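Two complexes follow with subunit A in common, the first pairing it with subunit B and the second with subunit C.
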Partner chain A sequence: MPEFFHRKIERNAIGFVLAIVGVASIGGFVEIAPLFTIHQTVEDAPDMRLYTPLELAGRNIYIREGCYACHSQMIRTLRDEVERYGPYSLAVESKYDHPMLWGSKRTGPDLARIGDKYSDAWHVRHMINPRDVVPESIMPRYGWLARNELRVDDLGEHLAAQRDVGVPYTQAMVDNATRDAYGQATPDSDAAAGVSERYGAATQVRAFDGDPSRVTEMDALVAYLQILGRLTEAPYKQQSTAAGE
Partner chain B sequence: MDVGKQDTVTGRITTGHEWNGIEELETPIPRVVFLFLGAAFVFALICWVLYPTWPLIWTYSKGLLGFDQRATVTRQVEQAAADRSVWTTQVMDKSYTEIEADPALMHLVTETGRTLFIDKCAACHGVNATGGTGFPDLAAKAWLWGGEPETIEETIRIGINSTNADTRTSQMLAFGRDGMLQSGQIADVVAYVRSLSGLAPAEGDAARIEAGKQVFADNCTACHGEDAKGNKDVGAPDLTDANWLYGSDVQAVFTTVYSGRQGHMPNWGAKLPPLDIKILTLYVHSLKKVAP
Partner chain C sequence: MVRLVSGMTVTERQIALVVLLALSLIGLAMAAGGRGDPMGAQGFVVLVFSVGLAFAVMAGYYAPEPDESRLTRYYDDPTKVGIVLTVIWAVVGMAVGVWVASLLAWPELTFVDQAWASFGRLRPVHTSGVIFGFGGNALIATSFHVLQRTSRARLPDQFTPWFVLIGYNLFCIVAASGYLMGITQSKEYAEPEWYADIWLVIVWVVYFLLYLRTLARRKEPHIYVANWYYMAFILVVAVLHIVNNLAVPVSWGHAKSYSLFSGVQDAMTEWWYGHNAVAFFLTSGFLGMMYYYLPKRAGRPIFSYRLSIISFWGITFFYMWAGSHHLHYTALPQWVQTLGMSFSIMLLVPSWASAGNALATLNGAWHKVRDDAVLRFMMVAAVFYGLSTFEGSFMAIRPVNSLSHYTDWTVGHVHAGALGWVAMITFGSLYALVPWMWKRETMYSPKLIEVHFWLALAGTIVYVFAMWNSGIIQGLMWRTYNDGGTLAYSFLDSVEAMHPYYIARAFGGLLFLSGAVVCASNVWLTIRAAQRERRGETGTDVPIVAGAMQAGE
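Take a look at the complex of A and B:
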């Protein structure tokens, strides 16, 4: 009977503490247990590439400006989402996201597969004034991004911090972070070649904000947006194998 | 301190705790809470058995229902495609001319096409496909690369200056920034080019037109042609018509000649299945210029 149980447990301090620890640990176990079989739930993506320093800087701006408050980066396994945005998101795609930016609310559209959907020029115009290209948009303006010089001197430290939490950046990548960030947004410079060398030939090297003479925060953010959903081909493969079953 | 003493006001028994003469009533958790807790546990137990739940040593329990969200959504998408196959197979099998001659089929195509267009294309080209500065007006039919359905399909599939290996490539050179023309020469050619489509000359432009004609003949005809009608093989626009992708005022045309232009149409072949590209092609080809 509840009456007896309650009288007993509340009169036994040690027993009560142990009972609380026992119950609370169920919650902990439920969170930890899925990690036991993580090799089965997180897919393999050998072609998964790393964020370049410029993309990482853009990611930091994305966080700074609170983009995640209105935009998710997670296409759920629902038909309407798959038809609108593309293949559903895989766990492996967030492998190098520290912290992840899945988001939980869509005031604007999902951005998980925005990369290469629109041109750089469109993104720049849209950031400066969203109403210019999408008249019904309620997104705020982010015009200062095109004027602010990007801070690149500390990017090596950002890469080192990411490496500490498990992103496999090499020492050469950390050492050359500042140079690579400059090079990726300045295609005609000497620094540009090193970017493709270190991060793979598929890396997009161009003046994202349309002005090759300076590296702005706009360069970084557009570089980041243009890589979203394109770090690996795995989601497209997963979809076609699932369809073949 | 009397354990289990009856409180005279409430009729409840007390816990036996007493602080400054105030005694604590014994208030057990109501039974109904335990009831719901129990029901929740039973519900959880059933779910453990039916759905994927527990990590085992090498794998996780898959559940009796064999439930898998990914398989479910894949099945739903396939089912939807199968439901539409009544007419989509016709779209895939027939030629553009045949489809356009079939009003019932075209009706279905344009309905689906409009949804696709709004999802994929409207951000740049606008909901009514009328474009804007830097983004072509598809309803005006001033095609840079040709307006035949096959050409439109190709443009959607490989893009322009895109990440596709076979992309269409076009570039208006930066005649000013790269030092090929002096500012005065650019002003001359701007005046000439604007006069070609009958725009009212800006102040002082009338005198420049003659000089601009020579600059044009020396620098621009390779792509835009001697008659300035453009060249669809390289995406060079017709300069004699009323369509101005980047604006027709003196400043805009000057910027175009000075800094160059390089439009970008994304590589939709990588994102859209052939059926969607064909539907979009038919939709775009069917667009008509609506009076503003």
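Take a look at the complex of A and C:
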């Protein structure tokens, strides 16, 4: 009987096409649509802060160089991972990540909580030649990051596009994006004050690559790495509550 | 080139020139609007590509029109060019793969301190090169062939198949050159940026319509199984591609875009896409290939029509639920993880139905498997398909995944499927198809097919065993505790432990690449021998022309 039925539908190309699309669509609808509507999917974290323009530029360099192919940013809810890397990752931590960089492979270690673990100078040396600081490392060198000036003139457009996909950047942030990127990497300049004003007092303002005279791609990438895992205190609080119980 | 152009009518040549002119204008606009951004360089890639092709079309523009007798033959020129492109992409994509594998073993191999030469930018050239360049061209080339033969109808015109094939390769070239410039969305297997994605949608819609138009002209009442799979491949890849690539570009002059979804929703969408790119690109499409070329080569009918139905609808339905097994123990809600795991296990049923159907088809033809390396390629592919789908279901089980995820085991699993299944069935099909297309008895050298077979099999086994070892060792080292209750190994300890396996993997890849080079030489020698003979007779391999001309003539 089912065989007879199938002999009929395989004579009709349009019917077959519709059947394929119908059958194939169900799984996606059931699994993806509710993620947008069920409130518990993403935790509340009122202290969650936004990437500064410099950090966003650094994130884009992280993407450009393919860092995500070897480094995850997702600590799983497993004891050894929490003890190795820190509190397990919460959904809210990547709420403003367009796209997410959870990754799928750890050729190198997870970076979800790498922020503040190493000094800026360590990161700079590590990027220029990883084997200078970690002799056994198999990571490539990224020397050009220190040589390349960072493109900052279009950061306003980047922030505006981020706002279009739902990241709550204010108009002042969009208007001052270029200035803020410069200011965050040039602590002695007039532009520096505006950064903490707009992005919060905890924002790190310093010459990340060690050279305050110019803003390089290294500045941006290190600024980004140093903020990983520091956008909200929520995962740390959650873990200390769990430990206290 | 002139000969290929002369296969098109004058109207079609004009359409081709108009399309190429429009493309070069788009390329020019990208080059101008994207000054100071990598978009500009991408514009030049498009410009050079379309102007170059326009010259080729113009060179053959005044060639005499093809006569009406062409309608009594299948239109195979695009398939022939598609085969050549498949082989070129195979060698390029696999060579880059061997190179990046070597970089993991010896990171100081990089010969220039330049961004384009670094591992992070070359890796997607490998993945896209083999999946989309090699795999995609193989699918397009064989689908044109299978579609015409199983429908007993000629392709509806001479322009559309070229648009699909050439347009698709433009997408691949834009993508690969973009990676070297640092253009990527970071979404795995969906790295190309928004403008390339839009172009692929256009090409894909034309591909789909071409399929439907040819099916509408079919002289066989039933649509053959292979075409169900090719159609599922075309349709579902379109759905996946469009949803996963929704993004807002920074501006019209920027290559960079920001994906519409973020965080957990983005992760789920990406792996819904990523896993089903495996399902509908690397499985459905190649099952279509298998369902035609394996029974043809074996000279046996498909073992069971019912198994074909069960496995087709099972794969189409179950696969789409399985993506969340890539996100076990993450911030994705557990109910989605559980659904993904359950469906991944159920998926084994239709997968093994297909693998079993293929192997049972060989019953009565096993002596051919022994003697004929071409059929042996296909048989081994079916075996690896069964093995890697079993492994996939196994790795989707949450506790197993806690060990395997993030490790080289995943890489090994992917390559068991990609080398053992996808590449083997492709090479088997190519070896069957090339002599048919170039009207010869056999390939130039059957001996070289034997050599290729053993290189490919040895390469796959070395690769997969190396990655099983490294992946499981990695996973165990990360979770081993010493008696004091602290972690026994640093991350670096695990990196050092990988070194011998990374060397073995690069060696396995090199064996497989050598096989691909052998294949390329054999195909080239076959084509050259055929061109020397250039016998123009048609034989019995012709479509039914029921008195009707093509539409528009």
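A few points about this structure:
The definition used in the following text is that the second predicted complex is superposed on the first by the 215 of 245 C-alpha atoms of A that agree within 3 Å, B and C clash if a C-alpha of one lies under 4 Å from a C-alpha of the other, contacts with A are read in each partner's own complex, and residues count from 1 in each chain.
In the analysis below, contacts are C-beta pairs under 8 Å (C-beta built on N, C-alpha and C of every residue); 3 or more make two chains touch, one makes a residue touch a chain.
Everything numeric in this text was worked out from a predicted model, so none of it was measured.
By the touch criterion defined above, A:Y118 reaches subunit B but does not reach subunit C. Look at A:T37: by the touch rule set out above, it reaches subunit B but stays clear of subunit C.
Judged by the touch definition given at the top, the superposed model places A:G15 against neither subunit B nor subunit C. In the superposed pair of complexes, A:R84 makes contact with subunit B and with subunit C alike. Once the two complexes are laid over each other on the shared chain, residue contacts for A:Q239 go to subunit B alone; subunit C is not touched.
Once the two complexes are overlaid on the shared chain, A:H6 sits against subunit B and subunit C alike.
Subunit A has more of its residues touched by C than by the other of subunit B and subunit C. In the superposed model, A:V133 lies in contact with subunit B only, and not with subunit C. By the document's definition of touching, neither partner reaches A:G200: not subunit B, not subunit C.
In the superposition on chain A, the residues of subunit A contacted by subunit B and by subunit C overlap at 2-3, 6-7, 10, 36, 40-41, 77-78, 83-84, 88, 134. For subunit B in complex with subunit A, the touching residues are 15, 26, 28-29, 31, 34, 54-56, 58-60, 69-74, 76-78, 80, 119-120, 123-124, 132, 134-135, 162-163, 263-267, 270-271.
The residues of subunit A lying in touch with subunit B in their complex are 2-3, 6-7, 10, 33-34, 36-37, 40-41, 77-79, 82-84, 86, 88, 113, 116-122, 125-126, 132-134, 204, 238-239, 242-243, 245.
Of all residues in subunit A, those touching subunit C in their complex are 2-3, 6-7, 10-11, 13-14, 16-17, 20-21, 23-28, 30-32, 35-36, 38, 40-42, 60, 63-70, 72, 74, 76-78, 80-81, 83-84, 88-110, 130-131, 134, 136-144, 151, 154, 157-158, 161-162, 164-167.
Every residue of subunit C that touches subunit A in the complex is listed here, in rising order: 36-37, 103-105, 107-108, 110, 113-115, 118-121, 123-124, 182-188, 212, 215-216, 221-223, 228, 231-232, 235-236, 239, 243, 247-251, 254, 256-270, 272, 305-306, 309, 313, 316-324, 326-333, 336, 339-340, 343, 402, 405-407, 410-411, 474, 478-479, 481, 486-487, 491-492, 495-496.
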